Amino acid sequence: MKFSFKNDYSEGCHPNILQALVQYNLEQQAGYGEDQYSLQAKKLIKERIKKTNSEVYLVSGGTQANLIVISSILRPYQCVISAAPGHILNNETGAIEATGHKVLSIDTEDGKLRPSDILPVLENHSNIPHQVMPKLVYISNSTELGTVYLADELQELSDFCREKNLYLFMDGARLGHGLTSEISDLTLEKVAELTDVFYLGGTKNGALIGEAIVINNPELQPDFAFNIKQKGALLAKGRLLGIQFMELMKNDLYFDLARHANNQAMKIKNALKEKGAQFLSDTYTNQIFPIISHEMIDILSEGFEFYVWKKIDEQSSAIRLITSWNTGDEAVERFIEIIKKEFQ
Amino acid sequence: MKFSFKNDYSEGCHPNILQALVQYNLEQQAGYGEDQYSLQAKKLIKERIKKTNSEVYLVSGGTQANLIVISSILRPYQCVISAAPGHILNNETGAIEATGHKVLSIDTEDGKLRPSDILPVLENHSNIPHQVMPKLVYISNSTELGTVYLADELQELSDFCREKNLYLFMDGARLGHGLTSEISDLTLEKVAELTDVFYLGGTKNGALIGEAIVINNPELQPDFAFNIKQKGALLAKGRLLGIQFMELMKNDLYFDLARHANNQAMKIKNALKEKGAQFLSDTYTNQIFPIISHEMIDILSEGFEFYVWKKIDEQSSAIRLITSWNTGDEAVERFIEIIKKEFQ
Amino acid sequence: MKFSFKNDYSEGCHPNILQALVQYNLEQQAGYGEDQYSLQAKKLIKERIKKTNSEVYLVSGGTQANLIVISSILRPYQCVISAAPGHILNNETGAIEATGHKVLSIDTEDGKLRPSDILPVLENHSNIPHQVMPKLVYISNSTELGTVYLADELQELSDFCREKNLYLFMDGARLGHGLTSEISDLTLEKVAELTDVFYLGGTKNGALIGEAIVINNPELQPDFAFNIKQKGALLAKGRLLGIQFMELMKNDLYFDLARHANNQAMKIKNALKEKGAQFLSDTYTNQIFPIISHEMIDILSEGFEFYVWKKIDEQSSAIRLITSWNTGDEAVERFIEIIKKEFQ
Amino acid sequence: MKFSFKNDYSEGCHPNILQALVQYNLEQQAGYGEDQYSLQAKKLIKERIKKTNSEVYLVSGGTQANLIVISSILRPYQCVISAAPGHILNNETGAIEATGHKVLSIDTEDGKLRPSDILPVLENHSNIPHQVMPKLVYISNSTELGTVYLADELQELSDFCREKNLYLFMDGARLGHGLTSEISDLTLEKVAELTDVFYLGGTKNGALIGEAIVINNPELQPDFAFNIKQKGALLAKGRLLGIQFMELMKNDLYFDLARHANNQAMKIKNALKEKGAQFLSDTYTNQIFPIISHEMIDILSEGFEFYVWKKIDEQSSAIRLITSWNTGDEAVERFIEIIKKEFQ
């Protein structure tokens, strides 16, 4: 069996979660998210972000979170602004458009958005009422390219959005990885302070399923549950989501898992850097994009699975390696060993 | 702690499922439903219905299944026909309309639809193009009122739909209960033969989440996965659904669990009948609707939770009792004991 | 050529409109409703309703007005309440549902809604968040059955809606006919005061096309034009709508035309009543529904076109006769003559 | 009064149309497009394109035509491909997305699409089912930049679409101008042969309102009228559209009007070229984009209205001049005179 670096959702879930699922399995609980575990999970999240006025909702996956949040916020003629690599633009089968809203794409080098990226879009959408009205800025942290927002960058973006009357929504499918990156000076509390809505991704960080949507802006809270139900995202056995986030929030397990994934990626990155490898982008999270020769790809492919991401030239391509909460030392060491031996 | 007869999703899942989740937890698998367990689950379902040309898709819940199936089938101007108690009409926050389609409601005594119910609706929608075009008949088995379709009834309805160029879609959130009802002569193979699409509900029959959508009509199969993804229903860890249905399909566990739930309900029903109780409707599945005095409701409420369903007169109301795959003998016997002692 | 009583849109438009179209034809004007004629028409309407804070928008037809108004007001999980004969329920091919919103149907005798009709619907929609949230009450005046709202009735309904936090929207496709009915004590000013939104229908009252949407509730005004454009309803040559309403508003032509239509219908109604005819409903606008024998229908059909509306028994049916701004005395007199001679 | 070159919808309509509106005004006709004039207009169009199997539908405007055609063709997960300047991308307030469909934007120099532009988009959308499925190619002729498709170009594009199983839809808001361009070798018959759907724009070519949608592909014809009604585009007095297209189709008036507009633009273009002016793009229809100095803009603005389209440098900008069916010789000559005198 080859070890897979293809993504961070190849395995099941952290053992603590399974143990809790077993432990509480036969307790009768109210349905639809009114169970004790969901209530406890929400409490823990609100304590962790130090915002008791935020509201927390648990849903199954990232596309679901994105489409529910965005469609619940926007009026029919309003649209989203996203960096070009944004998940909602490329990997969700037009889920946002299916709720009626355009997503404007902005080319950026590193998958991040800055006020200077957004301003021209606002200026180009001034032909009222012949154009959609930009109203929500969608960002991901870590981004789809593995990069992260620094505290100053998010502060600046948040200030800009408030000034321009735009909502700021952070896709946190890999928020744990973003915040525990060695170069990140951003905290979860700060994310809660600077965004209108964000979510804590569970699926890619040790849960079976689950994203915890946190609505910080009180304007956006009323009636939110209706949207969850209408989009088919309200689980009868909400306990499944509640138990998972209850466990992930205990003793910051959520962040320990993400940090572990990042560390494993950094080990590989460093080994590659020592050999002089170049990278498609300079990332410090659990996604790395080294550029390697096609011979090297063949050699690594004998023992590992990963995506060839982008052809660079006739001799080499960038590959994508993703580590996870469960990527063990053995696989990493084996991979590094090959690098050390074969890379040139 | 009071024992709850409020619904069939108060507990977690059948232990076999938890055990399998533990067993396979750290196996790396492909994402998005391409894992071995999902493939195996689909194979087992197709074998069980004896239709190798059907296609199976696993999603999380009933509202999700309903909205994906219906929106994938209909053209923008087409609509659904449903019995008035239909789940899509009353309990899904307008999920179908949110995908753009009207649901026409037909009053029926017992929650079932017959050709004679549908024909007048077709006749009343002949003002082309000023009215929606009825195109899909939505039924539930067992129904929201706990009743079941007999083989002849489904045959007749299916023939009618094919004659009238209507699709027939069966909501099977409680299909196990419907088919294992003591009065049912309908088989799963027959359901697959007579419907264009149906689903096997897991959530209300021993799974944590999960409904298995079965598309029998080949016209409706192409590109179906796009709809699942677009509506946010394609789990990255599809294994969670695959493992559950793999276990439920083994040795007909699915039907054993449903039969158990039905049996427990029938025990209570019979005890009530012996005492001369009346019922809102004469059901043979895991939902019963006895009419009892308000004093009796108070007495039963000391030890049990259940919904008071409908006020009948000043003295009495119908209550709804739902049993599940996990309703133990102890609770049933305790309930029956009180009935025997106190009912009048 | 038979004279048609089938509807009130069989002819073109009032000659004043054609004359103005000719007169202003070659004047260059700004597009998209910024032309002088549209501005003037809006000004005249606001003066006529004595509400300078209302906003007026001109669109082409009733279905268009209904879908734009309703979809602009509601959040995705909110729905409309309508009387069962409501145009949006029966004659618009699911246009409202196509924008994502359910329309709840209420059976009423006369096509009108009263607080006592609506209250039970609100009570039956309290299972949050599993059901749609009723948020907008849709009424027509005159109704689809030709009946009208009296001032007290509208006041009571408006008070109820404000108390229950519901918006009140009046479809005014035949508002002229409603307000000029001999039994109406309602004024246009009062309509503007008691509704959140209403429209003045032009198509059925002497215009070629055109409905003037009036938004009285300031909460509902911002950004409304975006919705018009998005739904394809913003005419490049808005002048076509502007000129028509400018002419209709001059010297109350709009109401004169409606009154004429009503009067012609009343002449026929009275002739029928003198002969002892029964009516499906007792209307005082330009729609009448006399019940006549099938022999009589055959006789009348030799000279006139009209819809046979509803079979009453083996001998007789209700027919629908609609008069218009252009129904001349000759046709009416000829019809009455036959009634006088042949009716029994 | 300044003469306006801002657009081709500043005036009313061609006098023949007004005359016919007057002539037929009081004829009673069936509603909703079943009038004699609409039937006649459709017949004339089908004869003109020599395709008796095509179906013709008349609607009010371009955005309306675009959204109805596109939403009627696509399944929920399918999307449109458009050149970046496409009207549906920039000037319709997200009307297509509001019906649930993404529009992919392709950068092109001249506003036209070629197979080589489209192929990479298809290749980048192969991650099934995680991405929208491209299914319809949207082009305009003349384009939003005033350029035109030559016969070979359209043939090649049409062949490519058929090979790739894509529908080809031509926005013909300015189809008259495109086909009568001095450099065009494309005929209306050829357009009908090579596209699945196209429309003949009336609004920008001498009608008050109206676009004639022609569906050539028989697969796309069934039930189309339902879509028109549902989107609020079925006029009760369809005669208004019928009379206009009946007149425009008589003796090829439609093409004479477009040719006139083109000719007037070419006169100005040639005068500018003689003075050595550059153009933003080399157009041969009724839209020209000369680059002129800001001093010259000031001088021309004293007598004329036009849009300053794009700043080129500190000294000069491109302006957009649009001529119409009604642009008289006097205005053109006056404009040219100033050019001759002042341009440098």
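As written, the chains take the letters A, B, C and D, and residue 1 is the first residue of each chain.
FYI, contacts are C-beta pairs under 8 Å (C-beta built on N, C-alpha and C of every residue); 3 or more make two chains touch, one makes a residue touch a chain.
Labels paired with UniProt names: A, B, C, D = Amino acid lyase.
Please read these numbers as outputs of a predicted model, since none were measured by experiment.
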Winner on C-beta contact pairs when C-D is weighed against A-C: C-D
Furthest chain, CA centroid comparison against chain A: C
Chain B and chain C, separation of their C-alpha mean positions in angstrom: 43
Where chain C and chain D are represented by their mean Cα positions, the distance between them in whole Å: 34
Centre distance in Å when chain A and chain C are each reduced to the mean of their C-alpha atoms: 51
Chain D residues counted as touching two or more neighbouring chains: 76-77, 92-94, 98-100, 129-130, 226, 229-230, 234
Residues of chain B defined as touching chain D within the complex: 32, 71-72, 75-77, 99-100, 128-130, 133, 223, 225-230, 234
Contact set on chain B toward chain C in their complex: 76-77, 79, 90-94, 97-103, 105, 127, 129-132
Interface residues, chain A side, partner chain B - complex: 1, 3-4, 7, 9-13, 15, 18, 21-22, 24-31, 60-68, 92-95, 98, 203-204, 208-209, 226, 229-237, 239-240, 326
